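Pasting the structures here.
In what follows, subunit A forms one complex with subunit B and a second complex with subunit C.
Up next, the complex of A and B:
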């Protein structure tokens, strides 16, 4: 149903909510026995012993000053981000691997009030990494858009020469994909529909079981007079 | 039947489509065609009817389906060949693609051919969408900084394109908005908050 293109979309806030299940390391400042929830079990917390908990738990503990969040390696080290950005720029074909929630996790950790900005090595590192991440996002976005633009010409070449064309979508994070979903899906639907119209249009509005009657049969049939107005 | 619930597919059937009556129509001449001189239409009359009645007429071999010239004629293929992005398809028909698919589907059934791919009408529609898709994409995704550009594009888009365009813009807008806000806007509902505060009864009574 093309009429519900935008209702198929998750809101970014919902995506962020889902991303809060990602696991992060924390260094607790308090002691707490293990908690068993329906979907997950929080290990027992002991002061200064690092352990792995879901992000929502980490942020809640952080808010109460009950823990320090260990920033994930991909976000913590400037060198690693720089190398990643370099690879992302140099390779036009594929996307570099990042965790599928990288945008959401970074958004939560870098948030001003509720985030974990002070758990970075220093404020300079934090600002630098944030800028690098933003650059990385932009590079990936433009790469995606290029792939989408190629779609129309690709569709032609696939049909005419049997050439294969792929829009690289591996390692796309959830948020990036979600922002593109309506356009991508809608356009592909339309391309497909126009290509395979005989399967869709020809069956519309018709009881498909009734075969087209022959000319002669109709001529033999009595003419039904319609009542005049 | 995948477009049974699709409102575009339904609305597209209200577009006019010319048919050639093989047997004529009795007593409905003025209703179908207000300019008709007689109320009985003789065989081989060319009339314009809404598309939804065409499959019924064609299935009974009462009419031959023609191409809506107002939509797909008048040098359209030349225009589309030159620059598909500049053609005002909406002025021709708000359901340009849907109607093309339906008309050529009906024609294919009438001629008993299986493939629509070579139908000039479908070729035209495909060419138009391929050309316009790129424009649509660029303008939808860069819409945030160039409001006026998007607004200028909108009138010439058909309903199907417009829907695609708006949903893409909406997604891009929501994403942009999310990136610029720090506080999550997802909150617990009032009922939940009231239950945890133990004030549910009071709020309900008030």
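Up next, the complex of A and C:
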């Protein structure tokens, strides 16, 4: 726990917890009076009248055969998933929009006994969509990895112009962000530290040195910093 | 209770939009996520925590009542299936709110322990704590001080026996106090259109110039924490 706290990396528990608040539609099989929760009030449930509830509640009701879960469109329709995958493959720059917890939600819905596999149109559709989602995940992952490779180059070009380095991450889901966190944080913190040390050294310690941000100059910087410790 | 009942039926559908005025649960969750992803300790969300604790106590009492009355009415007629279901869902919701409260407070506790001396020295940081956290921090630093003193410091020459300084004769700065790295990079999401925002060096930082980036609602970035700390405090961005 404390190591995940110091690295600010979310634990799987915390990720699942957050994802369980995602909203899904259900079709109740039973009637239930309205419930007031801290988050919201769940309107009264009536048999066969669809209703929107948090995922944790949907799964609990489902487990007791009190409701059927309406699988979200992005996971239920093979055509939509195929189209999404196609767009994801064709556009190298942009990530397609998905709900921020799409991986965790899909994982919970597709889980063997506790999930909602039987709420798909058929088992064939379920298996097919699961494979498509996995492909989608891999395409996105490889795009992210390509992005990481370009990070160093991008950093140098931006720094030459004296700009601060920000990476736009639109449409990247929470799970994907969490996977990126250690690498991104580590690399960018290190870049920044080197840059900063470099600046300080160039202005105070080494008046004669030409402050061109060459690779060698950057690599020398931490050695000078160490002296002070 | 009445506040909760006044929500529109379609309210949950619009929650994906980050600008919607949110319910206490969503705010508490954001407080936790912000605290979790932030290198330094943030302002304690007193009213929010109080509200959640009150809700937990009330809900718990209600559940206990119902169980007690159900037990006495057992002989008469059995409670309906939907009552059981409501109880179950309420218990689950209770557990979730408790989990969130614990996770939030524990994250703060971790920061208090790790950066205790740093927070003690900075009145601005200290003012962000709750009463209980202040008391905890006080006794924690006292114990830390005593421990270090008993173990090593009192055996060292006076020049070197400070808890917060390496060498009291050289320099005035407290160079033995662990502090969070505010220049670390964080993932943020913009909550409203902010236009061009300076994410470069601020006026107080040497050797740099400001640089700006466009921020519209819903955008996600990875940026250095220091320049956006104020935006976070204002609630204009959230951490991820």
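By our rule, the second predicted complex is superposed on the first by the 181 of 229 C-alpha atoms of A that agree within 3 Å, B and C clash if a C-alpha of one lies under 4 Å from a C-alpha of the other, contacts with A are read in each partner's own complex, and residues count from 1 in each chain.
Quick note on the criterion: a contact is a pair of C-beta atoms (placed from the backbone, for glycine too) under 8 Å apart; a residue touches a chain by one contact, two chains touch by 3 or more.
Since the model is a prediction, treat every value here as computed from it, not as a measurement.
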A:41 touches, of subunit B and subunit C: first, second, both or neither? second
Partner chain(s) touched by A:31 [first = subunit B, second = subunit C, both, neither]: second
Touching partner for A:14 - first (subunit B), second (subunit C), both, neither: both
Which of subunit B and subunit C A:172 touches, first, second, both or neither: second
Touching partner for A:142 - first (subunit B), second (subunit C), both, neither: neither
Partner chain(s) touched by A:124 [first = subunit B, second = subunit C, both, neither]: neither
Partner chain(s) touched by A:56 [first = subunit B, second = subunit C, both, neither]: second
Partner chain(s) touched by A:92 [first = subunit B, second = subunit C, both, neither]: neither
Contacts of A:181 with subunit B and subunit C, given as first, second, both or neither: both
Residues of subunit A that lie at the interface with subunit B and also at the interface with subunit C: 1-2, 5-6, 14, 17, 181, 193, 200, 203
For the subunit C and subunit A complex, residues of the former touching the latter: 1, 4-5, 7, 9, 11-13, 15-16, 23-26, 28-29, 33, 36-39, 51-52, 55, 81-82, 85-86, 88-90, 92-93, 96-97, 99-100, 103, 106-107, 110, 114, 181, 183-187, 199-201, 206-209, 211, 213, 218-224, 227, 240
Subunit B-touching residues of subunit A, taken from the complex the two chains share: 1-3, 5-6, 9, 11-14, 16-17, 107, 111-115, 145, 148-149, 151-153, 155-156, 175, 178-183, 186-187, 190-191, 193-195, 197-198, 200-206, 210, 212-215, 218, 223, 225-229
Subunit B residues touching subunit A - in the complex, by the definition given at the top: 1-9, 13, 22-23, 25-28, 30-31, 39, 52, 55, 58-62, 97, 100-102, 104-106, 108-110, 112, 114-117, 122, 125-126, 129-131, 133-134, 137-138, 140-141, 160, 163-164, 166-168, 170-172, 174-175, 177-179, 182-186
In the complex, subunit A residues that touch subunit C: 1-2, 5-6, 8, 10, 14, 17-18, 20-21, 23, 30-43, 52-54, 56-57, 60-61, 64, 66, 99, 162-164, 166-172, 174, 177, 181, 184-185, 188-189, 192-193, 196, 199-200, 203
